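Please read through the structure below; I'll follow up with questions.
First chain written, first letter: the chains are A, B, C, D, E and F, and each begins at residue 1.
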Amino acid sequence: MVYVSRKEHFNAAHKLYNPDWSEEKNKEIFGPCSNANWHGHNFELIVTVKGIPDADTGFVIDLKKLSTIIRTTVIDKLDHKNLNVDVEFMKGKMASTEVLAMEIWKILEPEITKVSKGVLHSIKLYETPRNFVEYLGE
Amino acid sequence: MVYVSRKEHFNAAHKLYNPDWSEEKNKEIFGPCSNANWHGHNFELIVTVKGIPDADTGFVIDLKKLSTIIRTTVIDKLDHKNLNVDVEFMKGKMASTEVLAMEIWKILEPEITKVSKGVLHSIKLYETPRNFVEYLGE
Amino acid sequence: MVYVSRKEHFNAAHKLYNPDWSEEKNKEIFGPCSNANWHGHNFELIVTVKGIPDADTGFVIDLKKLSTIIRTTVIDKLDHKNLNVDVEFMKGKMASTEVLAMEIWKILEPEITKVSKGVLHSIKLYETPRNFVEYLGE
Amino acid sequence: MVYVSRKEHFNAAHKLYNPDWSEEKNKEIFGPCSNANWHGHNFELIVTVKGIPDADTGFVIDLKKLSTIIRTTVIDKLDHKNLNVDVEFMKGKMASTEVLAMEIWKILEPEITKVSKGVLHSIKLYETPRNFVEYLGE
Amino acid sequence: MVYVSRKEHFNAAHKLYNPDWSEEKNKEIFGPCSNANWHGHNFELIVTVKGIPDADTGFVIDLKKLSTIIRTTVIDKLDHKNLNVDVEFMKGKMASTEVLAMEIWKILEPEITKVSKGVLHSIKLYETPRNFVEYLGE
Amino acid sequence: MVYVSRKEHFNAAHKLYNPDWSEEKNKEIFGPCSNANWHGHNFELIVTVKGIPDADTGFVIDLKKLSTIIRTTVIDKLDHKNLNVDVEFMKGKMASTEVLAMEIWKILEPEITKVSKGVLHSIKLYETPRNFVEYLGE
């Protein structure tokens, strides 16, 4: 079993904001992250697939194929977008890095199974080099 | 003469948008960077001051003081903000990295002169690890 | 279950030195790391908390709160200090990265439980970009 | 139990090529990675050993010793070499990062056991900052 | 005057080898860099253009256009290639990083002038994170 | 003219302390950097040599030779040392990064001239990734 990872990136705006709360409560809980006019990040996304390397190719998964899957199903929907407003699969959800990582898992897991015997192991998402999350599908 | 640098960072939303142009022309020239609902970045800012090290301290400028100046006069106005909407000194200006670097120079130059015999040499601003600008005040 | 991480940093002096051993044996085992007049590092500390994101905030733990906890209970005691001499919780212990990571775990685990439903998962400590340790509390 | 890691690096040429396949099939499956005249990478290798820190040294394993083992048994055979042609332990194997990580495990595991009570936990191998694999010996 | 930079990357094989010299002299002068079967690197290329930001766009040069120029005229000819064998513009030249940077300048300078009022200022080329060169066209 | 750079690193302890001042004044001016029991850093040193690439080698300077010079004349005297106490060429001088960079220039300039037609252009010294200096010998 080998764990194979591909790193991609996207830039997006967002804010942390709970629509069931008052402005004051949002400000109190989320601080500057709730700025009404948004802020943004250079997100880094690391997708890890695990499996047994194929005898003919030496690959768990072709990383060019994995890169294409990530770009067409995830990056194209997030890059240069507003996570709260522009992204269909984030509608009605908190735009936190935790929630975003879980939603990216839901999109990528079936796509990876289609092209590879490997299975999705982890979604790691850096909001900044100092703040990041990992989701293992559990 | 020694060149002394301090790196700080801020997260902000922006879009590239010329209000004198139609939506179509903005889209044509700026592409996804003109997304109506904004996008954003983790900006990295490197401020360089040049001067002769002081005989008593060995310093061109006290980097703790420089850090405080950058944070109070620049970072506090940009961090978790929208560059087009929330930032007084960017009002009526294009929110490009080039223009932002030049405006940061204008703010920092007199502040540095107040606390140090060193003079501002360079503003280096990373929009992403792949796209960055430098302004030397010329 | 999502794993949420925060990176902080501190600068410190230390030496590797076993007081039960002769100078010669310390030199033989620890080499230049036992230099009598100390050496030092820019340490990078990554603290990972695991839990289920809260429905109201989308957070496992508020990373601003986590950052404040790490700074007030750990970084303030280590930054610009000598690990062998100045740090109460390292007294009588080997100043290795392994031991330091285990001691940081002991301090942070109860603090995190106080403010979050998440639990401490990992302490990762970089002595240099080439030498680092991880402790999972086991 | 603490996990201790050492990072080393080497530069090598390789190509992805299955000798049982036609040129066309190699080109179809591996694309530019099958370029007949090779291409190359700056590989980064992270070796992780797990164990209980020794009471006298505070070490799971002496990282200087671990570095020497990695350099003499692995790096010296790979650095400034062609993975397909020059490396005895890769003969007859696919020169993929997955396979290389598994072969490095086979070499390092017994060497680490000889000098330490710690055991090899992981081989992490970066082909580029965007493409990397991890092998845990399972 | 603002300096605007774009970072791109490519992977390539090469060797340092002077065909006018004996094998022994090549080995003596270039050491492992002259390995007959090649070695390789992940090269990082930073292209800097200087100019006055355009009043309408805020740009010295559109970095998407600059990226396209670098990819189509330079990266496509170098990526997953052998610098000594596969690259037309390196034929008959030493495959050192110095020479490669100078040749990249020759290619990019006229292309940048075609699409921008900015002029090429610098080619910075990292062979590894530890070894790199810069050429300013002088 | 090409600028060729080599990056090396060393770990050291130091404090900022002016022996002509009282403890109070040292504390006031240098803050935690004057901690009596020292602190320390992972320093990164970038040495840049400029010159015309040699027609036979393609080199401004052989980077392996440059690395050896830096290690034997500078790194060996600084690594795992106390800058204030253990380093002959820093005796009686402020242990600031500015002063250290200038002293490293004095050592390296004649050594580089001995082995190369290139001349020393710059000493860049990172105390942390956030604080760094550059000296051009002027």
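Please note the rule applied: a contact is a pair of C-beta atoms (placed from the backbone, for glycine too) under 8 Å apart; a residue touches a chain by one contact, two chains touch by 3 or more.
The structure presented is a predicted model; accordingly, all values stated were derived computationally and were not measured.
Shared contact partners of chain A and chain B are absent; no chain touches both.
Shared contact partners of chain B and chain F, listed by label: E. Ranking every chain by how far its Cα centroid lies from the centroid of chain A, the top place goes to F. With respect to chain D, maximal separation of chain centres occurs for B (centres as means of Cα atoms).
Over half of the residue-numbered contact pairs of A-B are shared by just one pair in B-F, C-F or E-F, which is C-F. Copies chain E and chain F of the same sequence differ by a rotation of 120 degrees once their CA atoms are superposed, given in steps of 5.
Here the CA centre of chain D is 28 Å from the CA centre of chain E.
Work out the mean CA point of chain A and of chain F, and you get 41 Å between them.
Remark: chain D and chain F have CA centroids separated by 33 Å (rounded to whole angstrom).
Among all residues of chain B, those that touch two or more other chains are 129. Taken together, the touching pairs give a contact graph of some other shape, not a line, ring, star or complete one. Contact annotation for chain pairs lists A-B, A-C, A-D, B-E, B-F, C-D, C-F, D-E, E-F, with touch applied as defined.
Contact residues on chain A toward chain B in their complex (touch as defined above): 9, 11-14, 32-33, 35, 37-42, 79-82, 85-86, 128-129.
Partner chain C is touched in their complex by these residues of chain A: 16, 18, 20-21, 29-31, 93-99, 101-102, 129-136, 138. Contact residues of chain E toward chain B in the complex are 1-8, 53, 56-60, 62-64.
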